[in-house]
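A, B, C and D are the chain letters, set down in written order, and residue numbers restart from 1 in every chain.
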Amino acid sequence: MQKIKYGLIGASGRMGNEIIDVMNEKQNELVFKYDVDGEWQKELPEILIDFSLPSAFDTTIQYALSFNCPLVCGTTGLNGEQLIQLKNTSQKIAIVQSFNFSVGIQMLIKCAQMLTQNLTDWDIEISETHHRFKKDKPSGTAIMLKNAIEKEVNISSLRLGNIPGDHEISFGGLGEVISIKHSATSRRTFAEGAVKSAYFLLNKRNGFYSFQDVLFT
Amino acid sequence: MQKIKYGLIGASGRMGNEIIDVMNEKQNELVFKYDVDGEWQKELPEILIDFSLPSAFDTTIQYALSFNCPLVCGTTGLNGEQLIQLKNTSQKIAIVQSFNFSVGIQMLIKCAQMLTQNLTDWDIEISETHHRFKKDKPSGTAIMLKNAIEKEVNISSLRLGNIPGDHEISFGGLGEVISIKHSATSRRTFAEGAVKSAYFLLNKRNGFYSFQDVLFT
Amino acid sequence: MQKIKYGLIGASGRMGNEIIDVMNEKQNELVFKYDVDGEWQKELPEILIDFSLPSAFDTTIQYALSFNCPLVCGTTGLNGEQLIQLKNTSQKIAIVQSFNFSVGIQMLIKCAQMLTQNLTDWDIEISETHHRFKKDKPSGTAIMLKNAIEKEVNISSLRLGNIPGDHEISFGGLGEVISIKHSATSRRTFAEGAVKSAYFLLNKRNGFYSFQDVLFT
Amino acid sequence: MQKIKYGLIGASGRMGNEIIDVMNEKQNELVFKYDVDGEWQKELPEILIDFSLPSAFDTTIQYALSFNCPLVCGTTGLNGEQLIQLKNTSQKIAIVQSFNFSVGIQMLIKCAQMLTQNLTDWDIEISETHHRFKKDKPSGTAIMLKNAIEKEVNISSLRLGNIPGDHEISFGGLGEVISIKHSATSRRTFAEGAVKSAYFLLNKRNGFYSFQDVLFT
């Protein structure tokens, strides 16, 4: 597999650390980083990965354009205006944007859509369990799942200990039940999704892509 | 095991049928029954089991007193006045009364109480899943479970297909989770609990007992 | 929905009873039956459903040919020769044959195949739980599931109480896990699958179909 | 809560780091450490915690005796002779020794024992799921669980991704199932158990204790 020289915005954050670990294992080289401690650069990156904060968004865009390289954008909490700006920027450089870089969640969604289409008269329930510190109820991913199946379904939210994130969707017919459950066991999974997106972008000049595009095209 | 001559009120109902099945397997003999089709009697019963309706309550009490035999009362929906009358009657005959004759649910409660006492700073969540036709939310058993642990905990209720009844209580600490789940796979379990209560009462002259007394004394 | 006049071979068996229940609810009429008690006929059936024993196989074929009507064949334990005979017969009449008429299991297989194709470097585990009386380990459905994903995976078999049948397939990556679980809550689900197959066959003159064909064409 | 001056053997290991984190949160002070990088000492510790290797066992004992302070010993892989030496040493200083400092696993065992005693004719199944790198099958904790209930039960072992460790014990009767599941979500839980043991030992002069003693006395 090709070795990549990459840049990282938000390098000192939790996700930043995970991404460095995954990139190291694949013998890719960090040549640029930017975070609360400032900027460090060794060479021009071939790709830029961003897991920072909405407040650093403008800086991210400027760096991506000045490097003229693809961008993986995983920063959460971006507003509508910033998303539009990102799409506009994708006319010049290739961008993958997602709020969830877990392969498994994308597969959960695909299974859920298939079951919803085939089991039309079955009941559907979504439930999610997260650590006690999570403030939003239900989780963004649960809402994303509900939107993906295009049904008005009940979402149950449980808050327990420090569970990274479980999502389950259950289908109940008269005589049988199918449940699909996704559990994140660490943040590493999100880092791997971001790295997969980086490889996906390597030979692309421009365009705006979702994480589903990365996985299924 | 001793062979019992028993009477059954509500003999033609769903629970009545299950009880007859369980009693037959133990080679006990039905010598009296009463239901919508009227009364049938062959001999004097040694014990009376009642799974009928609150409207038949007075009849049940009269039969129990006239037979002067112990009574297992599993009729749901009894009001406060009827429960008091039942307790008064227990001065003359031995009575087991419960709204849930499942051994497993009683064990679930005992485990939940032990965990609650030992894991004082863990989060607790209750969830229950029942068939789509169930009208009350949350289930009575979930409320019973919440009362048993004496904590203000969240109850999630899911409605799916024709699931007889699942109850789960989860405890989450920072670094680990324990969940206890009970699933009823058929009504038979309730019939077995009632029959166990019948054996428990055989040598008792009077007194008012719960299903927990049957199991743990 | 069209009212059907149907025949049933194995009418007095457990599955036979379930099928009569489901057909009654849809106001279809039983006009022919055959079982250990002999033959009963009122009219010529438009479709024949067979849940009997391999020993009755020849009789089933003769009836189907003499009625010149489609056949749903759910008898288990048929040998290779009988299956070939069934396929030959399908040149004259339309036939659906399956060892498992549960919609959910078919959906489980479809999801499992999709996940296997997309999560190529994830670990896979199959587990199944059945009642204590089940003699074969692992279950035929677990083997069917393993064959469907075309991978050498471990199957864990648990035997507990009177569980009708649970099947789970889990996929584990570094950082996340996806599990799909199917639970049968009653035999009714298999009856519904057979009835669905009957409707599928109504306008077909001949041909050999699987239950997957019924569901997805 | 009392502030403790503590010593740590194996300070630079994974468990060592977790213990420092938990102790820091409780504002306890590390005053002595020993690991592959050598010895560092600021003051005399009130308690010594050891999560190192069997090869450092003699050094640990010497330090504990020279400090004349209680010892929490969580090193795994100690042989029989070393365990006897540890017990002998406990005549002079108080010692807690365990191969598993998870509160939840101890509670799982207590629940499992209670259920085994009360549900004598139910089927029992143990299953455990761990990361793909785990070499032993079944896990030591699963064996410990089986020993604790003193029954010959089947253990199913699944290997998936990087799951830290799940253990489940299920009880199946005719009509109902109870399952208790423990999932470790991080090593932190073991660090907390070790710290709990440290507090337990603070006022003890000598004696040999298990982690169950810490939790339930």
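By our rule, a residue touches a chain if its C-beta (ideal position, glycine included) is under 8 Å from a C-beta of that chain, and two chains touch if they have at least 3 such contacts.
As the structure is a computational prediction, the values presented were derived from the model and not from experiment.
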item	value
Chain copies touching (chain B, chain C) - same or different residues, decided at half shared	same
Relative to chain B, chain with the most remote C-alpha centre	A
Rounded Å distance, chain C centre to chain D centre (Cα mean)	49
Centroid spacing, where centroids are CA-atom means, of chain A and chain D in whole angstrom	36
Centroid distance [mean C-alpha coordinates] between chain D and chain B, Å	40
Contacts with 2+ other chains: residues of chain A	161-163, 171, 173-177, 185-186, 188
Partner chain C, residues of chain A touching it in the complex	102-105, 107-108, 110-111, 114-115, 118-119, 171, 173-190, 192, 215-216
In the complex, chain A residues that touch chain D	161-164, 185-186, 188
Residue numbers on chain C that touch chain D, as the complex places them	122-123, 125, 127, 129, 132, 154, 156-163, 170-177
